[in-house]
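Got a structure for you, questions after.
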C-alpha cells in the first residue's frame, strides 16, 4: 500500500481531469482507472455552482481531490491559488505547479521550492511537480513535501520517460514517495516507471485524448499494477550476450548424422 | 482472439520452458501466465520416459505444445529435429529456430527460409524465429509460414525491443500474426510490443530468471493484455511540445492582484 | 589504411551521387568529402552519351566507381544490372542492392546471398547492402564478398544508427570490412559508427539534401576521421555513477569556517 | 566566433584539467584540443608554489583559465571559493559548481542561482553548471550569468546526451551561450551537441581517461568543429520512410526480359 501524509492508497495510478470530451466520459474513465487521487485545476470549479462542478461526483466516488496550481507563474500566485483551492475543495492537499513558460510548461525550481516551504508551514500537504532534478527533489523533501512529482517529459507531450536515468537517481535517494508525472503517453511508459521503483504515476493526456478513454484508463490501471508487481518480484539482469533458454541439445550429434538423409524427405 | 493456423488462442502471451529452477516452478509459472502455447526444446523430453517429461502435465493443463528446433545449425538439422518432435509430441506445430552462432544465437535467414519451405510442404505449422527483417518475414509468409517471430534483441539478453522500428514495418506489412520473440526482459517491453500492434509475444528468460517466477508470469500476463487493449483503444499522438491538461486559468488575473498580499500570509 | 579486395583507400567515407540539385554541386561535394569510392546507379549513365554522364569527371578526380544495382528486385535482375554496369563503367566492383519493397527499400537477404554467390564466381568484387543481420553478413563473407554493408536505418530516412547493437556484433565477428550504409543522417551518426569500429560509412542523402552540400561533405569527412581516430585511441568506460574530474578539495574544510562570513560580502 | 562576456573564442571545445596521468600529458592534450578556455579546481594550485602549478604553462599557451568551485556544497562555500580563485588566478571568470551529493555530483539549482546572483554583483563572469532545466537556465540568464552549462549526464559517467530533449529547449530559449557540460563520453556526443545548436561543449573525463589523451583531444577538436559546421549548414529532415538515393531505374523493364537468361550465365 502506498502512504502519502498518512493517507493510504490502494491504487498507484493517479489521474487528471483535463482534456476529456465530456464530464461523463471523464467520470467513467476515472472509475475505470481505479484512481483514488485525482488532480484538477481550480478554474474547473465554477464559483457560482456552474455546470462544470466536478467536486460532488468525484467525492461521491470516494476519490480524494488534489487541486493543482496550474497557471501560476511564481510562488505568490501559487500560494494564492492554493488558498483559494483550500476553501473551494475543503482540502489541504495540493499539487504545486509553477510554470512560467507557456510553451513547454517546464516547472520553475526556485519558485516551487519557495512556495513549497511556505505552503508546508501553512499546513498544506504539498506534492510538487518538478523537473527530474535529484537535488531539487531532496530539498523539497527537506522542507516537508509529502512526495515529489518529477516529470518524464513535457506535459501532454506523450513522449514518455525521457528522464529515465535521473528518475532512477531520485528513486534511489528519496525518502518520500516518488510519483512520475507528465509525459507518460503509453501504458508501457507507466509500467516502465513502476518497474524502476516509482511509487505511483500520474496520467492525464494519454487517457483523456485516447479515442476510447475508458478502455485506456483500464489499460493504465493494469500497466501500473503489473509494473509495480514486477518491481517487487525482481527483474532479471540485462546482458549484452545471448543466453539460450533451450539448452543446446545433444540429440543432433547423436542422431543426425545417422539419419541425415531423412532431413530432406 | 488470435488465430494461428485455424487454432484460436485466448492469451497473447506465449511462454518458454527453459531456465526454470524446477519443473514445479515452471508449471506454476505457466499456469500463472495464462499461456495457451508453450515452446520447449526437443531434448527436454526423455525418450526413455525420464524425469523431465513435461508433456503430460502441460497437456493436462490444456496448453498447446510448440516444440522448437533450438540447437539446429542448418536446415537439415532443423528438419530432422522437427520430424523427431512431431513423433514425440504428436503435433505438427513447430517453432523453427536455426542459429549457427553460439554466442548471440542469431538466427540464420537463409537456412530458416529453406527449412520453412520444406517443413510447410511436409505439413508442419511453421512459426519461424528470425531477425527483425521485413523482407525475410514477407518471404516466410509467402512460403506458407503461419506466423513470424522477429526478435527484439538477442535471446536471453533481456535487452528489450532494440528492433522497434523494424518490427513496426513488419507489423505494417504482414498478413500473418507477428509474434515478438527473444529479448523481452520486462513487462513494459511486452506492453510496448503489443501497443505497436504485435499479435503476441513469447517470453521465457524474463519469467524463468526472476526471483519470483509466478508473480512475474502474472505481470507479463497483464502487461500483454493491457498493451493489446491500448493498441485497440488507440494511442495518443506524440508531440514535441507541452499541451496543458489544466487549462490556463483566468482566476489569477482577476483575483491575484487584488489579494496578492494574501499570498505570503 | 582501409583495404578492400586489394585496393587501398585513404578515406573511410564513401559517398553516393543521388539527390544532388546539380551535377556540379555533386562534384564539388564529392571533392569536399575526400571520398575515393563513389556509388552510382546504372541509369545515371546515359547510353547515348547524354548530359548526365558522371563517369568522366569522377574518373578524372581519381575516384573509384562503385556501380549499384538499385532498382533490382531479385537476384536475376541484379546480376543483369551488374553485367550491364561492368560494361558501362569498365569495373568489376559492385554494390549489390536488391530491395523488392518500394516503401522502405529493405534489402532481400535471400536474393542478395544468391546473387552475391554468383557474382563472386563471375569475377565481381561484391559489396552487398544488407539488413544488420550478423549471420547473413557471415554468410556473405563465406561466399566471397569483399565487404558487408549493413544498414543503420531505412535508406534516405536520416534516422541514424537504429541497428547499433547488431552492427556491433557484425563488427565483432566479421573478417571483411564493415561499411555502415543507409540512414546515416548526421555527422554524429558517422562518428558513432566509426567509434564502434566500423571500417567505413557510406553517406548520400545527408549530404545531398543539405542546404549546403559542400560544407556538409566536409563535416562528414571530419566526422568519419575523428570517429576512426577515437576508436583507435580507445574510448573511456561508461559508468552509471559520477566520477569527479575536479578532486574534492580540502580548502573548504580548512578555510571556509574561519572566513565564512566573507562569503556573502 | 563564440563570444562570452566580450571575450571571443576561436574554439568551441572547452577542456578540464582533472584525471590526467601527468601534468605533461595534460598540457599536450590541451594543446592538441585547441581549447582556449580551461577549467581547473582551486585545489590544483598549490598555495606554496608546489609541483602542481598549472597556471604558468597554461597562461603561456594563451589559454584562458576558468576556475571552478568543485567541492562547494552551498552558495556560501562557492562564493568563498570564487573569491579565493579570483586572488589566486587573477581572473573574475568562474565556473560555478555546487553539488551537495557526493555520489552523482548533481548540481543544486537553488544554491547555484543564489550564488550566481551574488557573484554577478561581485563582478564575476559566471558560467554555472546546472541540470538541463530550461527554467533554471532562463533564471540564471536573468541574474546576469554569461553562459549556462547544462549537463548531458552525470559528471565523469561518459553516458553522453541523456538530456538531449531538454538541451534542445534550452538552446531554443537561451539568449546567452549554451555550453554542454558533463557526461560527454565520445566525440560523437560532442558532435551531436553541436549539431543541435549548442555554442560549445566542455570535455574532461573522456579525454583524460583515454589511453591516448592527445589523440582523443584531437578527435574532440574535430568533432566539435564538424558538429558546429553541420549545424550551420543545415541538417536534413528525418523521415520514417525510405527515400531512394538512386532513382528507380527503367533499364530493367526495358532490357531485363529480353536478356533475362543472361543473368545467370
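Points worth noting:
Letters A, B, C and D name the chains as they come in the text, with residue numbers starting at 1 for each one.
Everything below uses one rule, namely that contacts are C-beta pairs under 8 Å (C-beta built on N, C-alpha and C of every residue); 3 or more make two chains touch, one makes a residue touch a chain.
Chain-to-protein mapping (UniProt): A, B, C, D = Thiazole synthase.
Because the structure is a prediction, the values reported are computed rather than measured.
Taking the definition of touch as given, a chain qualifies here only if it contacts subunit B and subunit C alike; none does. Per-chain CA centroids place subunit A at a distance of 33 Å from subunit D. Centre-to-centre separation between subunit A and subunit C, using Cα means, comes to 42 Å.
Rounded to whole angstrom units, the spacing between the C-alpha centres of subunit C and subunit D is 27. Counting only residues that touch two or more partner chains, subunit A has 104, 106, 159.
If each chain is drawn as a node and touching chains are joined, the picture is one closed loop, every chain linked to exactly two others. Interface of subunit A with subunit D (complex): residues 99-101, 104, 106-110, 113, 131, 133-136, 138-139, 153, 159, 162-166, 169, 173.
Residues 16, 18-19, 39-44, 68, 70-73, 75-77, 79-81, 83-84, 97, 102-106, 118, 154-159, 185-189, 191-192, 195, 204-206, 208-212, 215-216, 218-220, 222-223, 225-227, 229-230, 232-252, 255-256, 259-260, 262-264 of subunit A touch subunit B in their complex.
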